[in-house]
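So, here come the structures, one by one.
Common to both upcoming complexes is chain A, partnered first by chain B, then by chain C.
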Partner chain A sequence: MAIVTPMKTPAETSLEGAFARLRDTLPGAAAERRAAFARYAERGLPHRRVEEWKYTDLRAALRDAAPLAERPAAVPAGAPDLGAPRFLIANGHVLSAPASLPAGVTAVSLREALTAGHPALSALGDPLAAGNAAVELNTAFMTDGIILTVESGVTVTEPLHLAFVNEGSQPFATAARVLVMVGGGASVTLLETHQGPAGVAYQPNTMVEIVAGDGARVDHARLNGEGDAAIVLSSLSLRLGRETELTSVNGVFGAALSRHQVFATFAGESAKASINGLALLSRTQHADSTLVVDHAEPGGESRELFRTVVDDEAAGVFQGKIIVRQKAQKTDGRMMSGALLLGEASAMYNKPELEIFADDVACAHGATCGALDEDLLFYLMARGLPKPEAEALLLQAFVGEVVETVSNEAMREVLTGRIESWLKARAAR
Partner chain B sequence: MPAVQETIDQVRAIDVSEYKYGFETLIESDKAPKGLNEDTVRFISAKKGDPEWMTEWRLDAFRRWQTMREPTWARVDYPPIDFQDAYYYAAPKSSAAPKSLDEIDPAILETYKKLGIPLREQEILAGVAPENRVAVDAVFDSVSVATTFKDELKKAGVIFCSISEAIREHPDLVRKYLGTVVPVTDNFYATLNSAVFTDGSFVYIPEGVRCPMELSTYFRINEKNTGQFERTLIIADKGSYVSYLEGCTAPMRDENQLHAAVVELIALDDAEIKYSTVQNWYPGDAEGRGGIYNFVTKRGDCRGRNAKISWTQVETGSAITWKYPSCILRGDGSRGEFYSIAVSNGMQQVDSGTKMIHLGKNTTSRIISKGISAGRSQNTYRGLVSAHRKATNARNFTNCDSLLIGDKCGAHTVPYIESKTSTAVFEHEATTSKISEDQMFYCLQRGLSEEEATALIVNGFVKDVLQQLPMEFAVEAQKLISISLEGSVG
Partner chain C sequence: MIEIRNLVVEIEGQRILDGLNLTVKDGEVAAIMGPNGSGKSTLSYVVAGREDYEVLDGEVLLNGENILEMAPDERAAAGVFLAFQYPLEIPGVGTMTFLKAAMNAQRRHRGEPELATADFMKRVNNAAEGLGISKDMLKRALNVGFSGGEKKRMEILQMALLQPAFCILDETDSGLDIDALKIVADGVNALRSPDRSFLVITHYQRLLNHIVPDTVHVMAKGRIVKSGGKELALELEANGYADYRNLAA
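Let's turn to the complex of A and B:
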């Protein structure tokens, strides 16, 4: 039998060097960081032979690992105003927090929390994501972020905005981490926006963890408006208590390569979650949405709806895995991924997986991909719409279904605006 | 919703403890020395009377195999296999080239009789209407003991014989096609098979011929501690048609036995091959002792325009199944079909599915897969549908449903859907709730309850799949036919 000695890529070597250099200067959690880096280093950067990364070869994409960004001296401009209290996180460092927070909400920067050993840190880390390279690297390098706590029973009427802004002219890496603890029966809306410079191959790796107590309600929406050369990793961990209700929507427009991973655990009975996503891709963009939904307790209901539009030579990836444990009887899971391919060389990779160990459940998944429906186009054109407009209308309707699941109006408008400008740019080409 | 009682009873009727083909034929056999090395390969080659090129082909494969690793990606779990602790060749001693049935050991004839496989042509003619005749190639451990209706098939120009005979008698055809669909280097088990394959069937249907009868091979593992490595090669020349059936059983034993087959199908312009399997290898006992490890590579190549290959399988046996009958849709307008029902009981582990690889223009494929798991078994559907950039207007429809009976088993679905052309339309669904509202409305309107209506529609649908099986296998599949998939999960 041939013995294979893995060769380290320049990126893997840089990561090791960076960790050895920084591990004593990064704030707190030294043991956790070392353990996380060791778990990452066991397998190195994931490549196409690693099943979960089959369609997104991170090792090939990451030519070199850029240095971790310093805290910017000035406050970068350009973060969208969603009319909500806003935390500004620039290059992975918290630059500003709202002057006042809604009643029942407290926030502390992760840097302070790590240095002081904040009690909420015990909730950091998701067993479902253990061994995942993006997550382990975030844990090893996390620079700063926010720990948000919503007290039990509090309904927060104002949404909270986490604005991630990246700035720089040379490639850099970021590692921000956010933990949101939502108390039992509390209700909160979280908005995340991500943006950065065009033409710079920067490498953000963020992780957001939401721990929802029994009966909590959480609405979460995220916009990926990163720069066109960025290589973006993002992870979202959702841990749902009994009878919680959660929606999360991710809109992908930016980045050269992006991978958004969702790890959702139904830790209490009868929790409900809908996890949705849309992506509009052109040029040679590559966008990967990967989710693992783990129904550990009975009576859970999960809904996943993903819509991907792929133009030019871009590629879309959807990997969704629903796990139903033996105990999780009466689970109802439905997952749907739809893709429209517009360019001759566009590609879509779908992998909707089911792993079921309980016998009294209803689980379904569907995946479709194809071109725009000729009949629908013909119908619209017969009614006097020029072809580009007819196409735009159909595309808008296609991804609009996901936008509609965003409860916050300001965020919905931002997403709709991005969709319109994407369609305009397409028509102009 | 949970499975209905009727389904539970039917699955129980074919539970591992009910295995009916577990008897052993006591017969002396001629075996290769235990273990696997170049000498074993040469021994097999000599026994088969291989020409020089074939021996070299085997040795190349063997050398290649030594550098390969066992695949571990499938969702199956078993202790490491000691490839040196098995016999790679076993043949009934008396079988040295029997010229007629009278020369075959009566014990073997008795075995096939017990299995319900007709080897005497006159008996078949006497009992069954001529249109239902089946030509049989009976493979006992490592050798083909009999092939029926050879003469009549010859008149139609059809070649149907054991692969070792084909290597000797039709070397040009074999050299032209062998290993062109499943290359020697394809995967661990296919490479092993290429080195040590012993027997199997060879079919050649000449241009424009519709094969006058169904062809079938019946595989029987009898000897202890032996692996069976059969190789089947079917070539349908332009405009021809053939329907081929395969059945397999083995005695009950406490140790595991390896079965690593390779099946290659080649369909040229406008040809059609229909390949049906009822796989009923010994599944092991309720505690998971014994049973066959079934690691099979089956692949069809629609090499010509408008060629069609259809796989139908009913899988109830084997301790471990690792099997993905696939279609390469190379010719423009070609079509691939895969119909499967996999039932797992006891401690069985099934990881099965298909690959539809669309390369040509206007190619279409259809996948219907039903998995039923009971006991402590694990049943996985794993399938790939891919469209190459040049496969314009490729179409696929996939439907895979699974049903669990009891809370100690698992059902899993792992589909890969890869489209690299915007004109391809792929649809994948895994649900039973996809019954059309029209059908449902119609049934409800006529006074059926929703449950009855669902059962009726779903049953009708399953029967559709089973009707893909040729008549001859209907009896074996009978028990499965009426299995209701009510309560299916995705």
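Let's turn to the complex of A and C:
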């Protein structure tokens, strides 16, 4: 009898070798790491015949798996200053934490927690993301990160900044993990920035988990400002208690290939979440936004607004799935993805999905793709705006609608600045 | 002065303008009247530089310079202004942002320095006041949620700020009630000057009671078929266009 062994790619072989070598030296959670790696290894790296990865063929993109980065000796420069207490996570290792934290907020490094044990660790891991290759690999390899706890009832006025900085001249991989436990009725703003060197095909794989207690309020915004050759995986897990309100916005500018996955579970009644994103893509960039929104309890409200601008031969992907469980009556879900294609060879793949098992719900989704409106361009040009300027104004307005959903002003400015430089670079070409 | 000479224009193989000739002198207000489909709006778009049209022959000279090869923004900087029949709504683009971008783009084009914010604000506020444009309207996205009358007033505001040499008003009266019509007409009349000329396109005599033209031209089948003084508009109002449809054939 012939034994069929699926052929492993060099990247898959490297990942196996790396895990075998490192599993006893990585901090703690040995059993969880092994289980996660085994779940990953069942199917290997996902490729285009795996439905959830149809438009982002990770197996083809990841020629080889780069070695896991060591903790950098020096503090890399260049993380943006958002005027907020900042955690610096370099190449997947926590380099610094704010000297003092706002009242009601505590933080411990994940490495420390995994080594010494920590009560919050039981919350690590999202069942909705089980079997997802990026998530399982992050769990298998997680090097360090932060466990942040916001006490119940505390309103944290200062935003907290998680600055992920990558540095290196040769390809490397990172696996940082952040867990944020927001107590009932507490309120907090989280800002994430990601950056790294240009021209280096480094491979960050980060995961942020936010567990929001009943009545909590969380504003989250994220900037992907990674280097132009990076292959970036990021996962965001959101677990919402009763009557929580959460917003999350992701702005994509960097990376050769990026996939940002959001797993949102409405675990309590009447929770509200708005999950938005914008992306400005050029050259041969590929950016994937994949969402799974699981309404498990009644009365939830979810809103998704994604805006993608695709130039040159770049490609954008939006996959959004809303699940409404039988119990989740009176769910109100609306998902919208819009794309502007600027180049002849620009591409956008939109895949909205609804899985509804309850009968009293309001769910809608929509997807649009198109060129810039010629009538609007003519109107602006007839008032004296040169074509590049007229286009820039319309593009800025298009993605600006998403920027406006970011509550933090400093982050809005950072995103607006990135948009402006992208548009300037485009006009100069 | 604008001179249109033997302008022949097609769109998708269909001839819309068929050897049109028209001269509007400095300081002159010329009205063009004509039945639906005579090519009035096409004329305005072709002069402003819209791309969908194929110009087969002719010239459009603005102060002796043929503008037909220019992009719409270059024509604007040279002094052409089209007040749109249906001004467009531009979500996400603030009215003030747009006004400033337009004014500064034209200034840059002419080699003039950009306006200081205070100077810009003063100009906008002065012009807006005369047109009954509220501060709230100026704060909103351009034309978004504006009524028909508000949109037309916003067009005239732009005209006042950009100070063009040649203004085309494409059915600016359409969709306006009598009060709004008067505000718009007063705005236009305030801009009349010896070195600025206007082309007022309209179906109806009514607008011309408020913006009194120096000359009136009847357009049919892509040509000017009759020209005269302001009394020609009254004659058209009384008799309709029937006589002229045949003239063009």
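As a working rule, the second predicted complex is superposed on the first by the 424 of 429 C-alpha atoms of A that agree within 3 Å, B and C clash if a C-alpha of one lies under 4 Å from a C-alpha of the other, contacts with A are read in each partner's own complex, and residues count from 1 in each chain.
Here, a contact is a pair of C-beta atoms (placed from the backbone, for glycine too) under 8 Å apart; a residue touches a chain by one contact, two chains touch by 3 or more.
All figures in this text were calculated on a predicted structure; none of them were measured in a lab.
Trainee: Considering only the touch criterion stated at the top, classify A:375 as touching first (chain B), second (chain C), both, or neither.
Mentor: In the superposition, A:375 touches chain C alone.
Trainee: If we overlay the two complexes on their shared chain A, which of chain B and chain C does A:345 touch? Say first, second, both or neither.
Mentor: Touch partner of A:345: chain B, not chain C.
Trainee: Which chain, chain B or chain C, is in touch with more residues of chain A?
Mentor: With both complexes superposed on chain A, more residues of chain A are touched by B.
Trainee: Based on the superposed arrangement, let me know which partner A:397 touches: chain B (first), chain C (second), both, or neither?
Mentor: second
Trainee: Touch test for A:24: chain B only (first), chain C only (second), both, or neither?
Mentor: In the superposed model, A:24 contacts neither chain B nor chain C.
Trainee: For A:354, select first, second, both or neither according to whether it touches chain B, chain C, the two together, or no partner.
Mentor: Touch partner of A:354: chain B, not chain C.
Trainee: Thinking of the overlay built on chain A, is A:363 touched by chain B (first), by chain C (second), by both, or by neither?
Mentor: So A:363 only meets chain B here.
Trainee: Scan A:384 for contacts with chain B and chain C and give back first, second, both or neither.
Mentor: In the superposed model, A:384 contacts chain C only, not chain B.
Trainee: In their complex, what parts of chain B are in touch with chain A?
Mentor: Touch residues, chain B against chain A: 1-3, 66-67, 69, 73, 389, 402, 404-431, 433-434, 489-490.
Trainee: Inside the complex, what are the residues of chain C that reach chain A?
Mentor: Residue positions touching the partner: 48-51, 71-73, 75-77, 81-82, 84, 87-88, 90-93, 97-98, 101-103, 105-106, 109, 141, 158, 162.
Trainee: In their shared complex, at which residues does chain A touch chain C?
Mentor: Touching chain C from chain A are residues 374-376, 378-387, 389-390, 393-394, 396-398, 400-401.
Trainee: Okay, in this complex, where on chain A does chain B touch?
Mentor: 1-2, 51, 326, 329, 333, 339, 341-371
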